[in-house]
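Order of writing sets the chain letters: A, B, C and D. Residues in each chain are counted from 1.
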Amino acid sequence: SPALGIGMVGYAFMGATHSHAWRTVGHVFDLPMRPVMAAIGGRDADAVRAAAARHGWAAAETDWRALVDRDDVQLVDVCTPGDSHAEIAVAALEAGKHVLCEKPLANSVAEAEAMAAAAERAAARGQVAMVGFNYRRVPAVAYARRLIADGKVGTIRHVRVTYLQDWLVDPDFPLTWRLKREYAGSGALGDLGAHAVDLAQYLAGELLVGVSALTETFVRDRPELDGASSGLSGSGSARRGPVTVDDAALFTGRLTSGALASFEATRMASGRKNALRLEVNGERGSLAFDLERLNELSFHDHTESAESAGFRRILVTEPGHPYLEAWWPPGHALGYEHTFTHQARDLVVGIAEGAAPAPSFADGLQVQRVLAAVEESAEKNAVYTPVPS
Amino acid sequence: SPALGIGMVGYAFMGATHSHAWRTVGHVFDLPMRPVMAAIGGRDADAVRAAAARHGWAAAETDWRALVDRDDVQLVDVCTPGDSHAEIAVAALEAGKHVLCEKPLANSVAEAEAMAAAAERAAARGQVAMVGFNYRRVPAVAYARRLIADGKVGTIRHVRVTYLQDWLVDPDFPLTWRLKREYAGSGALGDLGAHAVDLAQYLAGELLVGVSALTETFVRDRPELDGASSGLSGSGSARRGPVTVDDAALFTGRLTSGALASFEATRMASGRKNALRLEVNGERGSLAFDLERLNELSFHDHTESAESAGFRRILVTEPGHPYLEAWWPPGHALGYEHTFTHQARDLVVGIAEGAAPAPSFADGLQVQRVLAAVEESAEKNAVYTPVPS
Amino acid sequence: SPALGIGMVGYAFMGATHSHAWRTVGHVFDLPMRPVMAAIGGRDADAVRAAAARHGWAAAETDWRALVDRDDVQLVDVCTPGDSHAEIAVAALEAGKHVLCEKPLANSVAEAEAMAAAAERAAARGQVAMVGFNYRRVPAVAYARRLIADGKVGTIRHVRVTYLQDWLVDPDFPLTWRLKREYAGSGALGDLGAHAVDLAQYLAGELLVGVSALTETFVRDRPELDGASSGLSGSGSARRGPVTVDDAALFTGRLTSGALASFEATRMASGRKNALRLEVNGERGSLAFDLERLNELSFHDHTESAESAGFRRILVTEPGHPYLEAWWPPGHALGYEHTFTHQARDLVVGIAEGAAPAPSFADGLQVQRVLAAVEESAEKNAVYTPVPS
Amino acid sequence: SPALGIGMVGYAFMGATHSHAWRTVGHVFDLPMRPVMAAIGGRDADAVRAAAARHGWAAAETDWRALVDRDDVQLVDVCTPGDSHAEIAVAALEAGKHVLCEKPLANSVAEAEAMAAAAERAAARGQVAMVGFNYRRVPAVAYARRLIADGKVGTIRHVRVTYLQDWLVDPDFPLTWRLKREYAGSGALGDLGAHAVDLAQYLAGELLVGVSALTETFVRDRPELDGASSGLSGSGSARRGPVTVDDAALFTGRLTSGALASFEATRMASGRKNALRLEVNGERGSLAFDLERLNELSFHDHTESAESAGFRRILVTEPGHPYLEAWWPPGHALGYEHTFTHQARDLVVGIAEGAAPAPSFADGLQVQRVLAAVEESAEKNAVYTPVPS
């Protein structure tokens, strides 16, 4: 099968997960194209060379523009902090490359609009652009979507999503880039809330039409970072600087159909490590999911007799479940990184077929609009704020 | 020990639970006074006589005023729908009786204010008044409060409470009194949300200072009731009438300390039967509870090492847990009705000692003010609405 | 409805649970006879009088023979330690009384045979005898039996039951009567294993045909009891005496159909308070239950598609579930003591109808034979030992 | 770092998992040697070439002897059915190669003895041999071992392990090699029971000294295989042949310290997909684990106060947990295949350091002796059968 050269920008947490996916996907799935890990890009020459060696990239570039321009790169995978997404992705699209961009799509609606417009222009040229809401590709989540699409939940009344983490509970956790508005755009909202919004809309097959929000920054200053950070960690110095993003965001909203939705995103929920919890209640059934138990889906069939009904724990590891035929026998758990491998699989298939897999840049823009409406509502005393369509 | 004559008004669901409590409490706890089930009141003579026989009351009255005036009644237990709480409770207090009143305290803030004022006057005469937020007396909830009071949770950042039921999912469930504003005051909000608000404030030891809310009535009309209903059930006729209360209420808010709180009350969450779920996250620890597993409390101690920390499932059935010394050996579950027995125990002790146990009518009034602020916010596009203090 | 006078012998843990049941059953269920708590018997005059007052019995007797002979007693409820079951129960049956006897039926097969023979003679005179395997009347267990009887599990392959407690982990827990062979017959085996065996056979609708067993007494001596003990507790002195019963019993066996069964009974499983866990696996489905969550039943329907199948958590609180119509709305939990109330209900109905409800004394005898085979196997190097039929 | 050439024999289920491990381990862990996937071996030329391409092996061999003899192979990884383990592993050891051999080590004690002897001779030459009990390297299991070694469980009283699957419930599942004694040695016993025994002994840090067992083959004949099978699946023909291994094995035993152990291995437990459940109860604490939730460990600290004690759910995803520092942030789940990557990591380190990581071939032999004692006991009416040391 033909090669698909990949150039990835960024080599921190997301760089590691995407590298794993590119190394693995061709050995697990039957693909119409053969991913080739052509080059990795990053500003620090030593670090990017080390990352290339560690993660299995053939070459390293210190200038993302050079990486985008490489002839052996057909797909640019953007794993940088949000403030550079727009510039890199638009340039790559304009250079004729396919693009995979980490979420949230951008740090502002304006950037996201530019990106979606570039993607639309590129689509006309046969290019594919995708935003990395990887949790859509947890098999249990994809199967939940299938059940909803098949009518097993019926008319939806409620969607509730909490995404709870606890790595900011300690007031002396240092000021990494994720805590600065200029790099991260927002805090728990963009980091966790973006996933929550995307999943709520994806599962329901509906959009949010308006939101009401409260946000809070509980710890207003933190130790300035002492040297580089990687992933979610870092060590702090004695000097403290201001946290310029939210620690937590709570919002409620209405979906197209009139269903009610509630959201909570926080990095201050002690004991909750990665508690992305989804619940959908409909007239015919309900679904529940917790990312901390990502191989399981809870499903209640409300059409059963009252006596025998109950939430069933489906172990989403059967060959008939999404993505599972390529993996292990029933009951053998998948992990977090598989979501990126599945994303890579669908993207490669999409590129081969000339059809961009969801979520598109337009989907990413729409999520960005929801996040902006959340921030606007929070600034305006929680007043219900429409999401522009 | 001296007798304490009890007169109860109402004989539906709450009448049954309170009767059970009065029959049982003296056989389980060492009490300073001996409860005597003197009389039960209700408008339908046959029904109230049958209820007296069934539930173990010595006499039956068809006029609640006659019941209140009985010399053998020192405590009036109000188990009627919310629209008659104020009239009965105030009359009983003014007649010199102690009063236990089911929740929510009233159907309006004005009524609740009158009741709290009457209770305050009565307190000066040595009378006791209590509102029946029975879930405070689930042993696991009372123990959670003890842990918070002991500092095990530290500064609270988040409180989240959902109270989910599903008995209104069927659009042909009939129009019982709980679906009519004139009797019930509100819908899921007053029925379930009142518990949620009381528990959030009780556990945190803080008050809500403001709220932002969305409410919804998904099923706008339902079959008119064909004859009498009891408890939560009833059978419907072909004629349909308007539902005049909310099916669901979502609200967020801020507590005195600045903590964020989120609430969801609904009777439309298919598969959730009695899912009153509480979670409190603090700097030093977190607690979680689900009424569907009422013998369990989850506690995370955030001061432990990261490696050995985790939410522990405490089976709240040890002799050292609240109320448990009077019951069975460890591991032997209690049920729903025990909360009423515990409430009765604390009330009898309070009467004997001349000290009203919490929650007082003033506490009930404050919850009513929160509910009113929720309704006001919902009417005003979810704008953040202060709770008067 | 006619009165049914009850005389109960014993006033410790089981005396309290049975008293609660007799006080409550007539107020919850529609009964064909009216239980009257006529008299309670016990050797210590002061203690038995106090128990009568506490638990609501009209009279107290210090001689069980006098209690049995009372004209106002038609049903004798035997709640003493196992060593006196046979004598009291046989005398009561021969005196023409109905008998309810706590489990295990006796401390030896010979005693149990005499009791079963007496019950058979009494049955010919219209008397009813029942053994108190109360856990059959947990609604979830009764519903599990219904599902199996309805064919939802199909041909059974495996039954596994563990009954784990931890109140003997502390080597200084004192030598109460339950640790002495002369009173208790055996240790975890008779106390916990008897329930396990009864439930396995009840659920499967099959009998054990043979067993292989290991037993162990981990703590061979314990502090002699300093004064009286009650329930499971007591305080110890400095002097230690020998534990003459097992701390734990593990056994495997075969059921009539060829299914395999495994059992574990122990009071040394730290952290397990009352973990009576049942699982049945059949060709068409599986069931699982844990007494620590007694309102729940897990059911897997193996005839569903592999994708949508899973163990569903049924909250056994629906009006259509066994015993539930008399209690609270869906989702409102029952507790441990309800099992005794249900047992009392079925017994009263059985007496009124002249038909002994299961489990009969013959059933109790059969369980005793299993326990004897377990002990015999344990003495004979675990060799597979048939259960006489 | 120096290369470590690997030659793997077998390319079915275990071939896929081992290949994934070898592809991944060097990109995740800092290794003292660089694994090179030199060659894969299998009898069918087309199939083995396809497997080489699919799984990333540089070369393919149809004769395992040729693979063993390759100069670029220093480590032979044996992933064939059990009947060829001994021949290949001994030959590889005698050819001077390091060996990793899938479990169970062999199909008989005699074979295992020969392998252990060969490993011992090879060790004297600096070669490393390891048996693939991969579940020791689930982080939660490795952490459980650490807690026990640190004294957090104290004197062990009980170990119970069930390993339940359901892929043989359907009586028309075909006769794959795992159902034939000549290839598989035994059935659920060797496939699942071997893991159970290894883990029980590994966690406890003790050996089984004797066992008592029942085994059963519920479905005595099954459809002959129609063509090749892969992994656990295959399609059957109309002709049926005899199942010559056990469907289920139940056994109890005693550990060195006198603790009791119970085991159940079955492939007939409908609804249980991969339920390897471990529980250890000790004087100071208890641990519980379920492979279906492999990122979690339950730990009860019995030294805490009775009120605050409970099984805590530890999410074993912290950087301080075994193997986790190399992976993702807290709360990001690992999966089944990670166990093989961890095994590969420890093996490479062991080879570099000249120290064989546990479990050794001697450990594998000891497990084989337990399995043989189980089969002997099952043939001798379950009589307690010592495990030779």
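Basically, a contact is a pair of C-beta atoms (placed from the backbone, for glycine too) under 8 Å apart; a residue touches a chain by one contact, two chains touch by 3 or more.
Every value quoted in this text rests on a predicted model; they were computed, and no experiment measured them.
Placing every chain at the mean of its C-alpha atoms, the farthest one from subunit D is found to be B.
More than half of the contact pairs at A-D come back, by residue number, in B-C, the repeat among C-D, B-C or A-B. One inter-chain figure worth recording: subunit B and subunit C are separated by 35 Å, centre to centre, where each centre is the mean of the chain's CA atoms. Centroids of subunit A and subunit B (each the mean of its C-alpha atoms) stand 41 Å apart. In whole angstrom, the spacing between the mean C-alpha positions of subunit B and subunit D is 54. Shared interface positions of subunit A, i.e. residues touching 2 or more other chains, are given as 272, 300, 309-311, 315, 330.
If touching chains are joined by edges, the resulting network of the protein chains shown connects every chain directly with every other. Subunit D contributes residues 143, 147, 299-300, 305-315, 318-321, 330 to its touches with subunit B in the complex.
The touching residues of subunit C, counted against subunit D in their complex, run 157-158, 160, 162, 164, 166, 169, 171, 212-214, 216, 218, 247-248, 250-254, 258, 260, 262, 264, 266, 268-272, 279, 281-286, 300, 302, 309-311, 377, 381-384. Those residues of subunit C that touch subunit B in the shared complex are 13, 17, 19-20, 23-24, 27-28, 54-56, 165, 167, 231-233, 272-275, 291-295, 315, 317, 328-338.
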